[in-house]
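Just so it is clear, A, B, C, D, E, F, G and H label the chains in written order, and each chain counts residues from 1 on its own.
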Amino acid sequence: MSFTVYLSGEVHTNWRDEVIQGALSKDLDIEFLSAVTDHAASDAAGDLLGEESNPFWRDHKSAKVNAIRTRTLIENSDLVIVRFGDKYRQWNAAFEAGYCAALGTPYVTLHAEDTVHALKEVDSGAMAWATSVDQVVGILEYVSKGRGPA
Amino acid sequence: MSFTVYLSGEVHTNWRDEVIQGALSKDLDIEFLSAVTDHAASDAAGDLLGEESNPFWRDHKSAKVNAIRTRTLIENSDLVIVRFGDKYRQWNAAFEAGYCAALGTPYVTLHAEDTVHALKEVDSGAMAWATSVDQVVGILEYVSKGRGPA
Amino acid sequence: MSFTVYLSGEVHTNWRDEVIQGALSKDLDIEFLSAVTDHAASDAAGDLLGEESNPFWRDHKSAKVNAIRTRTLIENSDLVIVRFGDKYRQWNAAFEAGYCAALGTPYVTLHAEDTVHALKEVDSGAMAWATSVDQVVGILEYVSKGRGPA
Amino acid sequence: MSFTVYLSGEVHTNWRDEVIQGALSKDLDIEFLSAVTDHAASDAAGDLLGEESNPFWRDHKSAKVNAIRTRTLIENSDLVIVRFGDKYRQWNAAFEAGYCAALGTPYVTLHAEDTVHALKEVDSGAMAWATSVDQVVGILEYVSKGRGPA
Amino acid sequence: MSFTVYLSGEVHTNWRDEVIQGALSKDLDIEFLSAVTDHAASDAAGDLLGEESNPFWRDHKSAKVNAIRTRTLIENSDLVIVRFGDKYRQWNAAFEAGYCAALGTPYVTLHAEDTVHALKEVDSGAMAWATSVDQVVGILEYVSKGRGPA
Amino acid sequence: MSFTVYLSGEVHTNWRDEVIQGALSKDLDIEFLSAVTDHAASDAAGDLLGEESNPFWRDHKSAKVNAIRTRTLIENSDLVIVRFGDKYRQWNAAFEAGYCAALGTPYVTLHAEDTVHALKEVDSGAMAWATSVDQVVGILEYVSKGRGPA
Amino acid sequence: MSFTVYLSGEVHTNWRDEVIQGALSKDLDIEFLSAVTDHAASDAAGDLLGEESNPFWRDHKSAKVNAIRTRTLIENSDLVIVRFGDKYRQWNAAFEAGYCAALGTPYVTLHAEDTVHALKEVDSGAMAWATSVDQVVGILEYVSKGRGPA
Amino acid sequence: MSFTVYLSGEVHTNWRDEVIQGALSKDLDIEFLSAVTDHAASDAAGDLLGEESNPFWRDHKSAKVNAIRTRTLIENSDLVIVRFGDKYRQWNAAFEAGYCAALGTPYVTLHAEDTVHALKEVDSGAMAWATSVDQVVGILEYVSKGRGPA
């Protein structure tokens, strides 16, 4: 069985690339999925539907177009990695963690120690808390390779 | 991941062909599904089960045979495009939009500006409202191509 | 066991009152639920959240506020009566019928004979097609009173 | 039918009291539910199960005891109001909004205009965005009082 | 907690009355539900919707009106008793047993020993097979009275 | 999209072969599934688990081993054909129809006109009633071939 | 909102009474549910359906009659307390914990420190691990009393 | 259709290898899945996330990492075989059986006769009780090979 893993959260560092490269280097049988991570493209996802003078509605339209993609991908995933960086509020990451919790889809958080208290509710529903990409790759290796008898 | 998209609604124009051609021209990884769009064949779908003197029952039998196909296809779709044309009442299109809403399947409406008020409940549950096939193809491209890091 | 019945569709005639009076006159143990049927109030449901210059967004906001009410009521109902009148397109009625179909909630349609062909998909998922309020009340009486042995 | 409304998010202002008082003053038939809003008590919810030297595990135990309460209450609610204040990251509020989104439970956000862009994904799944308690109470009045014909 | 029990199947003997009397005599806290058991009334349940010349459609209309009642009652039951008598084919009883099996609603069959082989699939999904009303009442007493410590 | 069709019911005639040959002759893209139709093998399915002196328990064990297969197959099917022959009670066929009804899986009945009244509840939940294998094959062709625009 | 709590597991000590008395002494708004805890009565629950010479089938019949009660009660509970004592294997307690985990029903384990390693999978899905009745009562008080603003 | 079978329970004997070899020797179309069965590796699954001084939390972290794998595999299985050996308490096996019961996933138990009474609740929800690997392989052969007409 192959695993499908959705990478959620922070878009300002290249942690997704690092996870995917780590998995490739270990030859893991995993399909990675992700939201559109080009920030400007994501903010403009609804612009093709017509201009909006009110910024709320521009955001609204773009967020919904993005949600067509992200909700479908999350609902097709076996595991979700949710990354909280040290900048911005990243409410979307917490929103997707809550979405997983209600679906019963396992998720792993990836964040530094200084946000432990602020993320305690999010972490309490997670299957693991990781502080580094290496730990995430380690979990993916264990979970996807760990076979029973041949 | 490939996307599966069901094309619902109006059968009197060739908007389905235009959407499919648009997707082909952009090389999108999408499987398109649809009800039988040959109006006469659809009306006669139940005739092989025996003639009916009462037109209500002829319609009833045909509609149910069609529903074997349409409900299965909708339940296997990631996204539904619902087209409302400028003729006929097209209650079936609104019915299928409501079906999607209850399943939690995202749908996008495609209709002209003059039906905005009449379709407000249908639109309020949609992920987007498009007025042209080009916009629909634009959404399909964004949603299906928008990859994270390679 | 008491039945809960949601009355969906046409708001321009007093058919809801007639159904409720008919049920009262037969002393049926039924709780009736309904969307807000004051057309102007319903169109303005979102206005308290701020004005919109674009009529699409005004409709959008009102339709969503109405949906908080209608979807909760439908999901709490045992049976839905969906009325199609002879005016307007009434896409919302067909939308709510589709919503019921996907939930597995039984619904009964109430419409005249001249819309039989246009409503064949909606009718094919219904438990009954009625042409008069008396027939609807008759079904409600049979369904809610019909007890087994005492 | 009575409505059950869960009040989620910010615990540092008395917005919950204001909503409840507003509802009382209008005599609305609503049961309000809420997490434990005494911050210190909430942080200490797991302490009765034994001390922890590692703050992560203290938070973990308390967050899970709180989750027994909050998830049960959310799953019993018809509507959730999610408040984002101007301080702290409030990931828990976004987490609960995501939880509602996946359950299909309607939610309304309550936050100031300056967080519109940061909350666009959360808002895009909401039934309404309110900026004041008065607006929230207005929605509750409309939704819970809005009866059909008598 | 009170139990709700639906009595399904044979309508040609008074086994329902016997079960209900047995439960009354033991003062069990059970609400009993049942389809309409007046055979002629049940066959005519759809007649108020208009006459049918084709007996298939008369049966069809009546069966659907009955299903409004029976499916709602089954979905509200904690336990279903399914009685197979020694006459007629009683496909409806087997149909309702299959309906329970798919819902995960526990059911108990009540039939004589000579139909054991014919009913093996139905019995294999049941929580018990009873051959007498006394046994059914015994199960109801055990299940509904059996309290833990006071 | 390929369709998966489960063939349920009567095992004493070769109607399954006829349906499958009919589908082959029309080159339909359908996977057919079925219970074990060798009657003696089916009755003995549990014998490898040890002998039983009581025929009820022999039947019980075999029926459960068969159910491992049949329930999995039904839950993986898009459409079920349920055949009622003119001999035996065939409660299992009605049981599987009820199972489909509760799952929301569409099913088509196949039986002669003289059992119309006895099967009215089973038929009322079906998408069609067929009286011949040719009609079944006709439905399968329509449902699986009926494509939208190319 | 009142809480419903199911008490699962060990039947050889009076821990259920202690939990219930503790809750009474604190005036908690909780309904407690439980399997039949009279061991001999539970083992004999199926005897009224006829004697069995094979002890496996006697156990089988009794276990199924008990399951009518226990599964209904668990599915109606907001929280389950699962007690593992120091004697016997108590597979049933672990079985009910797994049942809760799959339903998404929160559960709390109650067991001594020396079974921590053996119960690690069961504990990892729990909302809390308690070692004393006092701790369980403390959780119940916090969860059921912890109100938001008045 | 191929079957997917998860092998749950005892890790101290090589019963998994025997089942898989038996299936291979009969050329069955089955994919086998399993938890990590290397006991030491399983206990250490969480160690890469950092050391824990408290053994409870070490177990907790490892059990959750293992659960990412096991719950995903169980939810993707058509059938689960649950093995109870004669040593250790094996609460995890009973936990996974309960998980299957709540999901409606069929499971077969594999254990010796002397644990019949202790496992009666687990067995009562199973589709079969086997005492040898040969019986398990026999069931797998019957279930996966048993085709209808060609």
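Heads up, the rule we're going with is that a contact is a pair of C-beta atoms (placed from the backbone, for glycine too) under 8 Å apart; a residue touches a chain by one contact, two chains touch by 3 or more.
Keep in mind that what you see is a predicted model, and the values were worked out from it rather than measured.
Visitor: Matching over half of the contact pairs by residue number, can you pick out the copy of the A-D interface from B-C, B-F or D-G?
Guide: B-C
Visitor: In terms of residue numbering, is the interface formed by chain B and chain C classified as same (over half shared) or different (under half shared)?
Guide: Looking at both copies, the contact residues mostly coincide.
Visitor: Angle of the rotation mapping chain D onto its copy chain G, from a C-alpha fit, rounded to a multiple of 5 degrees, please.
Guide: Rotation angle between the two copies comes out at 90 degrees.
Visitor: Which pair wins on C-beta contacts, B-F or G-H?
Guide: Pair with more contacting C-beta pairs, B-F versus G-H: G-H.
Visitor: Rounded to the nearest whole Å, what is the centre-to-centre distance of chain B and chain D, using the mean of the C-alpha atoms as each centre?
Guide: 36
Visitor: Mind checking the centre-to-centre distance between chain B and chain E? Centres are C-alpha means, answer in whole Å.
Guide: Here chain B and chain E have centroids separated by 40 Å.
Visitor: Could you tell me the distance, in whole angstrom, between the mean C-alpha positions of chain A and chain H?
Guide: Centres of chain A and chain H (C-alpha means) sit 30 Å apart.
Visitor: What are the residues of chain F that contact at least two other chains?
Guide: 64, 67, 129
Visitor: For the complex, which residues does chain F have touching chain E?
Guide: Touch list, chain F to chain E: 55-56, 59-60, 62-64, 66-67, 84, 88-103, 115-125, 129.
Visitor: Once bound in the complex, which stretches of chain G touch chain E?
Guide: 4, 7, 14, 16-17, 20, 31-37, 41, 45-46, 48-50, 61, 64-65, 67-69, 71-73, 76
Visitor: Enumerate the contact residues on chain A facing chain H in the complex.
Guide: Touching chain H: residues 1, 3, 78-79, 106, 108, 127-131, 135, 138-139, 142-143, 146-150 of chain A.
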